[in-house]
Amino acid sequence: MDSDRFQRGQATLCSIHGHIGEGVMKALGDIAPEFARFIIEFPYGDIYARGILSPRERQIATIASLVTLGHSPKELRAHIQGGLNVGCSKQDIVEVIMQMAVYAGFPAAVNALLVAKEVFQEIDERLVAGE
Amino acid sequence: MDSDRFQRGQATLCSIHGHIGEGVMKALGDIAPEFARFIIEFPYGDIYARGILSPRERQIATIASLVTLGHSPKELRAHIQGGLNVGCSKQDIVEVIMQMAVYAGFPAAVNALLVAKEVFQEIDERLVAGE
Amino acid sequence: MDSDRFQRGQATLCSIHGHIGEGVMKALGDIAPEFARFIIEFPYGDIYARGILSPRERQIATIASLVTLGHSPKELRAHIQGGLNVGCSKQDIVEVIMQMAVYAGFPAAVNALLVAKEVFQEIDERLVAGE
Amino acid sequence: MDSDRFQRGQATLCSIHGHIGEGVMKALGDIAPEFARFIIEFPYGDIYARGILSPRERQIATIASLVTLGHSPKELRAHIQGGLNVGCSKQDIVEVIMQMAVYAGFPAAVNALLVAKEVFQEIDERLVAGE
Amino acid sequence: MDSDRFQRGQATLCSIHGHIGEGVMKALGDIAPEFARFIIEFPYGDIYARGILSPRERQIATIASLVTLGHSPKELRAHIQGGLNVGCSKQDIVEVIMQMAVYAGFPAAVNALLVAKEVFQEIDERLVAGE
Amino acid sequence: MDSDRFQRGQATLCSIHGHIGEGVMKALGDIAPEFARFIIEFPYGDIYARGILSPRERQIATIASLVTLGHSPKELRAHIQGGLNVGCSKQDIVEVIMQMAVYAGFPAAVNALLVAKEVFQEIDERLVAGE
């Protein structure tokens, strides 16, 4: 195993997604443990950890891509939360999604705004609950 | 005509694309003049002019989306040049495209890197030519 | 605010989607009120209100596009209902979706037929309930 | 061979694409003659020949789908010409493409308008040449 | 009706999907009975029945395509089960999906792995239940 | 550098693409040398080198995915040639592409067949030239 990439990837994954990222890795571990490792090593260890762009800018790029793909609302949800974790405001995320109406069409943008609305509501509810 | 949106859109279009943007608008003007106006008014007048995100961040989002779509190398080329015009470095753009391998796949990223390479070479040739 | 476009857009939205359209606009209003306004102004105020094509023909084009995208069953549902509202028969809509198997593949067409089936069943149930 | 479907398909193909359709079939015939036959039998013999929608409405649906796919400018070109052959005006086709900006994004619509512009120019040149 | 293609298609459909395929055909039969027939005749009667590639290789190609489309988890589920029915092992299917991360991106591959996990769990539960 | 993955990746890349693969890597090396390395390490070193599926089966999956994406004819061309290099016959490749009409639509399949036709013609010309 390539332990440098894995450890760097785990640290980067955690800095973006916190403990939620571990759940996805565990769910994949049952069926494709080496793929769970690849996700930590390549996207998080090789790409996100490169610097040059700020973590905030990298989440902007990822959210733009996921809105454009349109088929992955769960990953979009994780990266909206990740964007908030690394310094994007709610309004920043709304702006990225709105801009995607121009490139990916209005349905893709509307669906993504409704995902963002759910993420923001859950955060507000956790705040009210004093978590 | 909605002259505020149009004027704001023209100014924003010009700040990103310079005079090259005018060529596309003229090419469309022959076949769909109202669509050329819509492009200036909606994407550039309503969306890009909103602030909140910086022009640099908006180009990062647009480049990410165009790499993900995969079917619009001419628009990608225009926004790579636009990104350079509003403060992205060449390396920033290469990083956004590389990151898209994770979400849109390696072929989409490779094709986009080859588009970026062409844009960068043309800039270097214009520099050498003393333009 | 650009009140002509907004009023024209609201009238066009209502002529296609009836009161259901208002619900979506309200859901978006919580998170991105200006985007809700953009949807009324641009797609409905600028595009659908242009004439030239009939409302029925415009719904045929929209349904074809949403089946092809494949990622927006809720919007597809709204435009299937919208198509019925502006003069498409159930069979017309089934024909458009069937034709999309040729361009977007059979899974996209099958999924869209199952959405249409749900819309048609709900209409029949409302009829039976005497609404 | 299923000669009814094939003959009905050939007649339908010819009514939409004229003699140009034969060229594509011949090009495919070198590599996949049975696939050339399938195209005549299924899309043209089974789907386009069904009636219910008018030929004009079917071309509107197909153009909408091809603009949305974004990756098939040659097929788009053939169906723009086909639309003109079965009763769409140039303006009808421009309207369908403009509407696709809402669903498939502006780059897909701009690229398609430039394809339509080329088709219309070639028609005008043939007219001037007295063909 | 074209009874040879239909009978060949039904036999091929059954050899891949068993009795589950009949449910989908019945669900479509309520809304578009001729489309249900087209599915049996064209994909199953004309394409899957051609030989040359083995049934196992054809399921590998179909699973790769459905992972890449990203918008059809129900069809993906049916063809994962179909792949197991015609000689793919669970690990073969996991490998095809993992490879798709390279071409369609990691979110498409992760989502597909979670669909495969569900299919495999249901099979294990049926085995435990002694079915 | 992770030399095991790189060496394994180079060997796998070469076994599929021969010396042509080196040209792409060199073209990318000018603009994104680390991305050229990532391509060798992740798709070729981590994925294609895993075994379980045969090289022939992996090319079937990749060709299916590239036909479905529709936006990468150059990569499709490379993997059609790669498929021939690892044991697919011309007819196998034609069959995979034909099957994709069912999932990705006829235009995607037609375009891919025309790419395959070009690859096959070039091979025949090289044979005639005695290369």
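Letters A, B, C, D, E and F name the chains as they come in the text, with residue numbers starting at 1 for each one.
The working rule: a contact is a pair of C-beta atoms (placed from the backbone, for glycine too) under 8 Å apart; a residue touches a chain by one contact, two chains touch by 3 or more.
Given the structure is predicted, the values throughout are model-derived calculations rather than measurements.
Trainee: Kindly list the shared contact partners of chain D and chain E, in label order.
Mentor: A, B, C, F
Trainee: Can you spot which option in A-D, B-E or D-E is basically A-F again, with over half of the contact pairs the same by residue number?
Mentor: When the contact pairs of A-F are compared with those in A-D, B-E or D-E, D-E matches.
Trainee: Validating interface symmetry: for the copies chain A and chain E, is the fraction of residue numbers used by both over half? Same or different.
Mentor: Different; most numbers are used by only one of chain A and chain E.
Trainee: Please work out which of D-F and C-D is bridged by more C-beta pairs in contact, and write that pair.
Mentor: Higher C-beta contact count between the two pairs: C-D.
Trainee: Let me have the rounded angstrom distance from the C-alpha centre of chain A over to the C-alpha centre of chain B, please.
Mentor: 24
Trainee: Please work out the Cα centroid separation of chain B and chain D, and write it as a whole number of Å.
Mentor: Comparing mean C-alpha positions, chain D is 30 Å from chain B.
Trainee: Rounded to a whole Å, what is the gap between the Cα centroids of chain C and chain F?
Mentor: Centre-to-centre distance between chain C and chain F: 40 Å.
Trainee: For chain B, what residues touch not just one other chain but two or more?
Mentor: Residues 38, 42-43, 66, 69-71, 98, 101-107.
Trainee: Sort out for me which residues of chain E touch chain A in the complex.
Mentor: My answer: residues 69-71, 94, 97-98, 101, 105-111, 113-114, 116-117, 120.
Trainee: Any idea which chain C residues touch chain A in the complex?
Mentor: Where chain C meets chain A, its residues are 24, 27-28, 30-32, 34-35, 38-39, 43, 66, 69-72, 74-75.
Trainee: Name, in rising order, each residue of chain E that touches chain B in their complex.
Mentor: 101-107
Trainee: Across the complex, what residues on chain A touch chain F?
Mentor: 2, 5, 38, 42, 46
Trainee: Of all residues in chain B, which touch chain A in the complex?
Mentor: 42-43, 47-48, 50, 52-53, 57-58, 60-69, 91-92, 95-96, 98-104
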